[in-house]
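Right, I'll just put the structure down here and ask away after.
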Amino acid sequence: MKRQVPLVLCFLFGVVMCFTQFSPHQYSQAVYNEVINWALIMAPFALIFGTITLIQTHVTRIRRRIEHWQYSFVVFAGLLTMAFIGILFGPQDPAFEWLFNNVQVPLDATMFSLLAFLIASAAFRAFRARTFEATLLLIAAMIVLIGNVPVGDLIWNTVLSWLPWDNGASETRQWILGNPNLSARRGIILGVSLGVISQAIRLILGIERSYIGGGD
Amino acid sequence: MELIDFIGIWIAAFLTLCIYSFLYRDNPFYRFAEHLFVGMSVGYTITISIYQGFIPFAWEPFWEAIKPFWPGVPREAGWSGLWKLIPIGIGLLFFGGVSPRYTWLIRYPSAILIGLGAGLAIPNVLRADIFEQTRGTVEPFASINAGTLSIWGILGAILMVVGVVCTLIYFYFSVEHRGPVNWLSKVGIAFLMIGFGSAFGNTVMGRVALLIQRVDFLINDWIGSFGALF
Amino acid sequence: MIHNKTILWVLTCLVLFLCGTFAFSQEPAAPSNVTAKDTPNDDGSSITITWDAAPEDSGVVGYKILRNSDAGEFEEVSKQLDANETKYEDKTIIKGKTHAYIVRAITDADASVDSQQTDAVQAKGQWFHTGKTPLFIAMLLFSAAIVWNIYNARSGKEIFVRRIPGLEAVDEAIGRATEMGRSILYSTGLGGVSGVATVASMTILAQVARRTANYETPLRVPSNDPIVMNVVREMVKNAYLEEGRPDAYNEENIFFLTEDQFAYAAGVDGIMVREKPAAVFLQGSFAAESLILAETGNSIGAIQIAGTDSEHQLPFFIAACDYTLIGEELYAASAYLSKEPMLLGSLRGQDWGKVILFAAIILGVFLELSGITWITEFLQRVN
Amino acid sequence: MLSKLINLDRRIIFILVALAVIIPTLLPLNLPINVSNPTQRIYDYIDTLPAGSTIMIAFDYGPSSMPELNPMAKAVLRHCFDKKVRVIGMTLYPFAPTLADTLIKEVAEEKGAVNGEDYVFLGFRPGYEQVMLRMGTSIASAFEKDYTNTPLTEIPMMKDITNYDQIDLILDLASGSTTQIWITYVNVKYSQQIAAGVTGVIVSNMYPYLQTKQLIGLMPGYLGASEYEKLIGVPEKGTEGINNASPVHVLIFVLVVIGNTVFFIQRRREE
């Protein structure tokens, strides 16, 4: 029950879903459409389970007075406010939307925008011409970086005005993105895809069992 | 400006500054914003997954199916909604995870989700990634044959094949990288590095755009709202 | 009398004139070779009608399609089609009924000619899409290659795996954390439990856990997917059990944070700056938060080992981390560290796949150059 | 001194980045913009459409990509309304309808375009390829009503529009993988012309499609927006964005150059 049934379920669902991709028949499409929804139906249960463990973690923190335990109350306050209003009145409720727009959206956008700072500090630190490979990385990054803004072409057209080639910065950028960059990406994608498929095969055939705790 | 909007802008601005304070170092303001964010995001995702997943895909069809048992309600839909009892039942197994003795129950829904994902992945990844990317690498040579490609185009197509093959050789694991294999994989690394560098440089724009938007908010909306104070 | 004569005259002229016009605007030929067939490779919701193109000077300006159901009345089912069309896919059929079709050619003069009616056909769904045969064959071949190699590896055949830079650092990182008495932070990324990168990451995590079990170094795993968290708990528990240290396992170290991408990043950042782990592992699939995590990890001076198959995030890991497993290296690393025959065998199978890809690309290039297109046709996309 | 420079405290870099964004926001720059070929092609395509043609704009992006994609949407909408090209708006992103609706209305008001005659906004439907494929048969089978709940049958401009056959171009404004899906399902299956405007981050994924001509044109991030704004002669947020973003790019460039110079001097000395 603990090991065999999950393996059988995994095999069954895997084979059937794989088959629906080859079969245009209305029955197989109906199966596909039904089962795809199951993932959506099960998601809230997994989330509620996750939330229970989250609450457990923070209750422990508060009980044991682990450093910064006071902030666990902030987690509860946020969680309960959103879940309470959202579940009772639905996501279209004005209070829910207001909280979303004025609390969650700014937090999300600001966290995201931290990247502008971090990308600068990472570039400064990492882009050093230490080795041949690092130099390639550095040069490609700088060309694309400067080719992305009009300043790049401005500099090119003034400094390199004796060249019979205008707007070189943006054109070189485009060439790098469209050529060496693309072939490297293709190489990665091909390799990764082979890995994805081989893992999917292992999972379906029950060879890979890590998700039931590993072992045989 | 409505009071409620005014309060909203101030809260948003306060939280924005709380997060930016992290750039200096960890501090109580960041800790407050961080914990609030974690809590609210969980509450938000639960709400959305219930209202956009569970209710339309499980509850409504199921309700349609059992309606006729209610006195006086006409029967409209078929029994197909009863199917939804299966995913609901399987979903309930997740609660086994709460007690250490029954954590293994979670393996059932996990196995289904894994099987489903794996089954869909095989044909789709094979088609969309392997078939398509290989075809895209080879196809320009048909244009060379047809004579419709410029000199640059031809060079590009050849470079593309060299790049793809060498990168793949770098990812070839079951031979020692010595001699010619080593050389080719070195070329592969060179392509990878150019690729990574250009992707990095290319991302800056998008990230800066996000910062510009926040700065725009702080300067125009928030500082702009100071006027309403007086 | 005169009247009669005039009328006669006028009538004659009229008849002559009409004859003339008829002679010049000759009636167009009816569309020929009209066939109606069940559309192949669909779910049984359409019928395809084909006919021969009208000659250029026939004056046909368009076509309309007429249909009957179960030998009933004919009705128009299409709007006017262009004159150069020779095919129409009727997607509005009634399932379970038979339909016959007529193609009506329309001329400049707003006149029209009907073709003969076709045989009545019924649409059927197909169980197998014949256009996907190449895909199916490729899938079977690759599966066979993987299974065969795993079987071989299990029967004890040695499989070589090239050195993967960065993996030596795993022991170094764990050792350093132990020396400094600090914790290790391990993130499995944003992927769900069926993601390959997540599974590979969990396999590496199990290996890391085996090593930390002996040193009692705390291994902290903040998770952003409840299911992944649960699987990780089971795997780490197992690893500690197999190392004979079930007492050292602490379930609270593996916890759910939130599913939201940036809230997760904010939370992990907070853990990093407060707990100051000596080693940070970022393995799995990541999105934009990759650099937020990696830069914060760098700022606290931790040894960082990253690995992802999300090719967009690789540049940031390469820039901010000490070691980075690139794409497929992540999968290979899980095989390399665990030395498990299953993983080693399937790695060999993947390499076979690469050999086939090389062959396809090189052969394809030469065939295309000489005008033979069957490789691209084989790889053609079908929906 | 040198080692201090090479291990510059990241917080100094953060301050420099902040300044590089704040200063141009307060004191706008005005850099020359060169229109790149992929953007030009979209402009030319729309510009040569006869009045009364129809294009479909898919607003496939969420709030976090608004800064880059909204200016593009605005510029293209202005161009269309000026040329009397009709616009059908729709989205496959659950968070997009409000932002797209606001934006279309704003431009329509400015150009005097009439809802239901010059443009229509269909709103959001879940499921990417399902929606795309259904619209191939008939748009009404995916969207029986528009965003304001008016049945499509009652909308004047939808009278002669059934499916992709009557649409001259689909412009996908995307922050994710939707463009690939549009190409896979709508370009390949229905031979529909597709163009894209995408965020800077995913631009490089689009080049293969540009190369195979599956995309007739491409607008990359702020740059694309500013180029299109230049083409229609109305510089706005896109131009502002590219101007404000430029200093940060230059800053990073200069920082890296300084870092490497110092690094080389130091290495020379060590040798």
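Labels for the chains are A, B, C and D, by order of writing; each one numbers its residues from 1.
By our rule, contacts are C-beta pairs under 8 Å (C-beta built on N, C-alpha and C of every residue); 3 or more make two chains touch, one makes a residue touch a chain.
Everything quoted here is computed from the prediction, not taken from an experiment.
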Chains touching both chain B and chain D: A, C
Comparison of A-C and A-D (more C-beta pairs in contact): A-C
Label of the chain whose CA centroid is most distant from the centroid of chain C: D
Chain A-chain D separation of Cα centroids, rounded to whole Å: 21
Between chain A and chain C, centroid-to-centroid distance (C-alpha), Å: 17
Chain C-chain D separation of Cα centroids, rounded to whole Å: 24
Approximate Å spacing (C-alpha centroids) for the pair chain A, chain B: 4
For chain A, residues that touch 2 or more chains besides their own: 21-22, 46-47, 49-51, 53-54, 68, 105, 107-109, 111-112, 114-117, 119, 121, 123, 125, 127, 137-138, 141-142, 145-146, 148-149, 177-178, 181-182, 185, 188-192, 194, 196-197, 199-201, 203, 211-212
Junction residues of chain C, two or more chains touched: 132, 135, 139, 142, 193-194, 226-227, 230-231, 234, 257-260, 262-263, 266, 274, 288, 311-312, 314-316, 318-319, 326-328, 350, 354, 357, 381
For chain D, residues that touch 2 or more chains besides their own: 10, 14, 17-18, 21, 64, 184, 200-201, 203-204, 208, 211, 221, 223, 245, 248-249, 252
Sites on chain B touched by chain D in the complex: 23-24, 52, 128, 136, 139-140, 198-199, 202-206, 208-213, 215-216, 219
Chain B contact footprint on chain A (complex, rising order): 2-3, 5-7, 9-19, 21-22, 34-54, 68, 71-72, 74-84, 86-87, 90-91, 96, 98-117, 119, 123, 132-134, 136-149, 173, 176-194, 196-197, 199-201, 203-204, 211-212
Chain C - residues contacting chain D, complex: 79, 91, 288, 299, 312, 381, 383
Residue ranges of chain C touching chain A (in the complex, touch as defined): 41-45, 125-129, 132, 135-136, 139, 142-143, 146-147, 150, 193-194, 196, 199-200, 202-203, 206, 225-227, 229-231, 234-235, 237-239, 252, 255-260, 262-263, 265-266, 274, 288-289, 291-292, 294-295, 298, 309, 311, 314-316, 318-320, 326-328, 331, 342, 346, 349-350, 353-354, 357
Chain D residues touching chain A - in the complex, by the definition given at the top: 8, 10, 13-14, 16-18, 21, 31-34, 36, 63-64, 200, 203-205, 207-208, 210-211, 220-221, 223, 226, 242, 245-246, 248-253, 255-256, 259-260, 263-264
